[in-house]
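Chain nomenclature is as follows: A, B, C, D, E and F, assigned in order of appearance, with residue numbering initiated at 1 for each chain independently.
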Amino acid sequence: MSTSSTPAPGARVDGRAPDELRPVTITRNWLEHAEGSVLVEFGSTRVLCAASFTEGVPRWRKGSGQGWVTAEYAMLPRSTNTRGDRESVKGRLGGRTHEISRLIGRSLRAVVDTSALGENTVVLDCDVLQADGGTRTAAVTGAYVALADAVAWAKRKGLVKASRQPLTGSVSAVSVGIVGGLPALDLRYVEDVAAHTDMNVVCTGDGRFVEVQGTAEAVPFDRRELDAMLDLAVAGCARLTQLQQQALAEGS
Amino acid sequence: MSTSSTPAPGARVDGRAPDELRPVTITRNWLEHAEGSVLVEFGSTRVLCAASFTEGVPRWRKGSGQGWVTAEYAMLPRSTNTRGDRESVKGRLGGRTHEISRLIGRSLRAVVDTSALGENTVVLDCDVLQADGGTRTAAVTGAYVALADAVAWAKRKGLVKASRQPLTGSVSAVSVGIVGGLPALDLRYVEDVAAHTDMNVVCTGDGRFVEVQGTAEAVPFDRRELDAMLDLAVAGCARLTQLQQQALAEGS
Amino acid sequence: MSTSSTPAPGARVDGRAPDELRPVTITRNWLEHAEGSVLVEFGSTRVLCAASFTEGVPRWRKGSGQGWVTAEYAMLPRSTNTRGDRESVKGRLGGRTHEISRLIGRSLRAVVDTSALGENTVVLDCDVLQADGGTRTAAVTGAYVALADAVAWAKRKGLVKASRQPLTGSVSAVSVGIVGGLPALDLRYVEDVAAHTDMNVVCTGDGRFVEVQGTAEAVPFDRRELDAMLDLAVAGCARLTQLQQQALAEGS
Amino acid sequence: MSTSSTPAPGARVDGRAPDELRPVTITRNWLEHAEGSVLVEFGSTRVLCAASFTEGVPRWRKGSGQGWVTAEYAMLPRSTNTRGDRESVKGRLGGRTHEISRLIGRSLRAVVDTSALGENTVVLDCDVLQADGGTRTAAVTGAYVALADAVAWAKRKGLVKASRQPLTGSVSAVSVGIVGGLPALDLRYVEDVAAHTDMNVVCTGDGRFVEVQGTAEAVPFDRRELDAMLDLAVAGCARLTQLQQQALAEGS
Amino acid sequence: MSTSSTPAPGARVDGRAPDELRPVTITRNWLEHAEGSVLVEFGSTRVLCAASFTEGVPRWRKGSGQGWVTAEYAMLPRSTNTRGDRESVKGRLGGRTHEISRLIGRSLRAVVDTSALGENTVVLDCDVLQADGGTRTAAVTGAYVALADAVAWAKRKGLVKASRQPLTGSVSAVSVGIVGGLPALDLRYVEDVAAHTDMNVVCTGDGRFVEVQGTAEAVPFDRRELDAMLDLAVAGCARLTQLQQQALAEGS
Amino acid sequence: MSTSSTPAPGARVDGRAPDELRPVTITRNWLEHAEGSVLVEFGSTRVLCAASFTEGVPRWRKGSGQGWVTAEYAMLPRSTNTRGDRESVKGRLGGRTHEISRLIGRSLRAVVDTSALGENTVVLDCDVLQADGGTRTAAVTGAYVALADAVAWAKRKGLVKASRQPLTGSVSAVSVGIVGGLPALDLRYVEDVAAHTDMNVVCTGDGRFVEVQGTAEAVPFDRRELDAMLDLAVAGCARLTQLQQQALAEGS
């Protein structure tokens, strides 16, 4: 008779079920200066999301009556296991940074009524303090909450009319993949590296899709696998939506 | 009895059926110097794809016995309706350029056996001479053919062993979207601008997915719409695969 | 009795006479979007010239009543025999690129009456699709035709007054050199590399000089050689002027 | 008998005595990946210091038998009251960033025996999460602790010989200034802005000077004022040295 | 009985006393175009200081009624013993360049009444033609004289009101250090390299401090050493103040 | 009887004859550190030319047995009448700077036997301290003398074999133009601005051409004018050759 620490086939590195999120925490008002700020954690992944609300819009949008929401994503050099060079020192943004910043901005704009926002700008800075997979999805999820706080701040200050609601819904995001041949939700870094396919899905609070970005890392994926990943992602986003609502329900 | 030039509801600007590609032409050997080169046209979209085969690999891959395939995408300043500034003059690549270059590179690598390639590098330059929507999908589709020609050249030259086959399959790509509430294949620029959702799909020749990138431009999309777009894309890629095979079957 | 493939002393690589141009083609309206566009070919050298006409002038010229004409030259990475790095990726323009862009701009401005143009700007993008020597001279020659088409377009649109003529003449350009000790016209790449002296000459349609740029590559040249090169260049430009006129005479 | 909320003349905004530090906390091991990491807080100023230990040294130091210690300082965009542009987006480091990074690096090297370190490199990343004055002095103070942890880690791993001690002492830093005509220790942002003179002092644990950087903002300062500021700074650094020692005494 | 060329212990490389400046020359009007210009020499260190007076101020200062004074410092590539790369070619300013430019600007602004200057800008370009230690202190000392000449020019031209005096005093600067264990004034390059501590001090003409920047290069310094260095620096600046006054007293 | 200060028609601003150079001075050894250095003056134009001799060659030339000679040209910000922005601050070299640096390098290489130089590099830094037209031609003329001194230094040091002569001749350069309808030599800035045509000519000491760069500023020039300018330039370069030889004949 023996016991074995060998995980059962298909078991995940941290023992989670395939459809299980890591522990998620959303800490509002982590910063004193920002109009909205959130420290969001998906397990060891830790992203600081700061929403800066400013009156006025970029030049190309002036006079339109419409506001603007944008995002910038970055990783601290030692957020990862080995230190990465600073993009400020290299003097140029990498493609991945650009790509993720654009993704976050688009995701948030999907639930923003820019007319209701008026000619104001909200910039969401999403800085990864510690990375263990899923930094972009944590960033989207936390940035939404910071955005909601900044919008509420602007309404209290009268910068956005009380009668208007700039947010038409909520967004959250999660990663899914095919790891060891099986679909899994919210991949950690070691899972991400091992995954045959990696997909990031951004959903609205009512379960529709804002972004679906799936990439075969080594082996192309078929329609059945795609469907399985989409199912996991939709359920994961629904759970994240609840957590966002709970966080926002607490007095700030 | 009357004739009317008003399109029926749901009709496309150029009268195509929802599942109809624009006329596609693949002209091989458009350049004298490159080891493989293709001028690919999806309607008015015209992309020049040049494959440069060189012995050796980037430093981080030396001694691995494995080759490397990468891509660079760019648009000529006047490929578009209004002139865009050159990124070489601005001194930095935009996020969109980075993103598309990375997409093309990943798509091609999905069908490359880098061990069979040996320590050789193929760079695919995809320069958009004229743009009317779908430049990235035309680029992937044309770049595959240029890559195939460059690999064949290398085998003839003995730079890749006759017994090895660096290409494990083929790839093609097409855009789909929800335009006027209806799913449509291979969007032209005016359709792309009007689309509620824009999706780019890269498939292997055997119909599996390499990349699925869907973005809601204004209105989130639901699972039914996603499924309809995926169906169109898979069929479109299958047709493009045929056209690639026909082009490669002609004596070079 | 024997035949020999050895060229007679002084014969050129492609058998041309010393004062003979390569086959030149000027294809107008190669692009759909640009106000003027030309694909110009000097043998295998192939340059796409796009003229973009826009209302307004750079800030330093506002209120002057005068227009502006400028040019940007670039080579596609695989236009040459071995791939060159993209200047957009390197993040800076090389000296050669700057130099040639400035040369093309000055050459065109030599035949432009900026008052007659009004406060409008024409940018000439000259992108080398394939290079076999003489890319800058082909660019000047083709850009003039694209400029003429853009000016005609602006007159039709009423953006330039019908009573004014912004073009005071025409320009064309050709290279000359001392190859194998003998003066030769319109050098191909292999000749250019072997030349002791390389000279680019830009002439107006009436045979005067706009630019004369001669450089001794290895052996300084004397006055007699300089005179011989100038004679060849003037005759070459006269022939190019005819070809420009023929191209422009055809209905667009 | 009366009570008054008006501060007595010379009183500080937060009621501190002139020679009183703000509450200081030093939290070790704030990050999982870094060999040493500290979240240091001087009141609301919050700096994350990560020490990355890597084998090997920069090229110019190879074969010297000596290690290298360097630092990079940066502020998150919304660490301040109004959002600052990212230096990675602007594509260049500002002078202030350069200056502070160099200051931190020099300060740490003052207590490092690079021979004892062996050919290893430690990079200290000091990222300001929230700023309220004194970010550079908090960074030096926190970075020393992170460095000590990284060195201890390296000794445990055998990367630094057990018999060698790379740290020859400790360093801490504090700001002083002349505010409202009176010398004051550890300035908050509002004090810093109002100060006639601003000085940053870096001391070793045994009370000697590593850096003295005093700048008259509006009114030059005299020798008596300089002496008073130095006295405050030396006492402040002594207190910070105690806090560093306490933090390091706790089991990590 | 013997003579020895060995310097007595503590003697300096060029035989100067510890408190002795190198020969200093201040040549006004070295340039024809600048509103003020000085070639300043501290021994072999030779810095060209050009003051450019222009009407108007940077955008962020418009409408304030106040002027602006700033400085840019640079070294010619071969001002030093081994050639340094040009920062214009590298495409970015180094940290040292930034740091010194900022120091010079702050030092000059300490004696400028920007209201009296009116909305005018003076830029001080300090280019090191030859370097032998103390380039930043020579730059401050020379730049003050060039600034005084530019201000006088502006008063003559009526660009600054005759009744206003933009200069509230004068500034000069000198380096001090601990070399071979002893304090020494105005270090040459070889002394600077050997110094345990290097300090730059900027004083007003009335002997107060504008900047005190001391750095321990290898061995921290104590309060007694700091006091000795400050004494030397104050005396050195007093001597430089005299030389500035003499230079300005000569007819320009 | 009257005297008039009105210049006769065709007279030059400074009363020079059409074929007369400005006063030229060539001061060797202006710098202490450089292996060769010259302050060259053409009237008010003042260029500092420093030759840096270093062992070794750029990577692409290693193992060739051949040396390399290159040049970098720059203008100090206030060398001109109105201050120009620093290219180091702008972060990129302008086209003109590139162009002139390349011209100087080519001109010098025309008289260098790189085999005789051995695998050594000479960089010529040509920094314009004051500009009044003809800076590039003064730079070529001065740089040749600095190069000759650096080569002599290398022979004395044994870095170039005594039996080899890296210099195969000398080069000088001068500007010519059509001013007020008449050809004139060595244009000052005001003449250059007014010239219809501006030409820079680089000649070897034996009177052959290395570079001929003529540009019509407003009015194209004809063959007769070109011939007249070439005559003036050849005579001017001959005079400059004498001045170079005299300067080099003086003991250094």
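By our rule, a residue touches a chain if its C-beta (ideal position, glycine included) is under 8 Å from a C-beta of that chain, and two chains touch if they have at least 3 such contacts.
Keep in mind it's a predicted model, so treat the numbers as computed, not measured.
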{"item": "Touching both chain D and chain F (chains)", "value": "E"}
{"item": "Number of steps on the shortest touching-chain route linking chain A and chain E", "value": "2"}
{"item": "Furthest chain, CA centroid comparison against chain A", "value": "F"}
{"item": "Centre distance in Å when chain A and chain D are each reduced to the mean of their C-alpha atoms", "value": "33"}
{"item": "For chain A paired with chain F, centre-to-centre distance based on mean C-alpha positions, whole Å", "value": "60"}
{"item": "Centre-of-Cα separation between chain C and chain A, whole angstrom", "value": "52"}
{"item": "Where chain D touches two or more other chains at once, by residue number", "value": "91-93"}
{"item": "Arrangement of touching chains [line / ring / star / complete / other]", "value": "ring"}
{"item": "Successive chains around the closed ring, taking chain D as origin and chain E next", "value": "D, E, F, C, B, A"}
{"item": "Interface residues, chain D side, partner chain A - complex", "value": "31-34, 37, 44, 48, 50, 52, 54, 72, 74, 76-83, 86-89, 91-93, 97, 123, 125, 127, 129-130, 132"}
{"item": "Contact footprint of chain D on chain E as seen in their complex", "value": "92-96, 98-99, 101-102, 106, 110, 199, 203-204, 207-216, 218, 220-223, 226, 230, 234"}
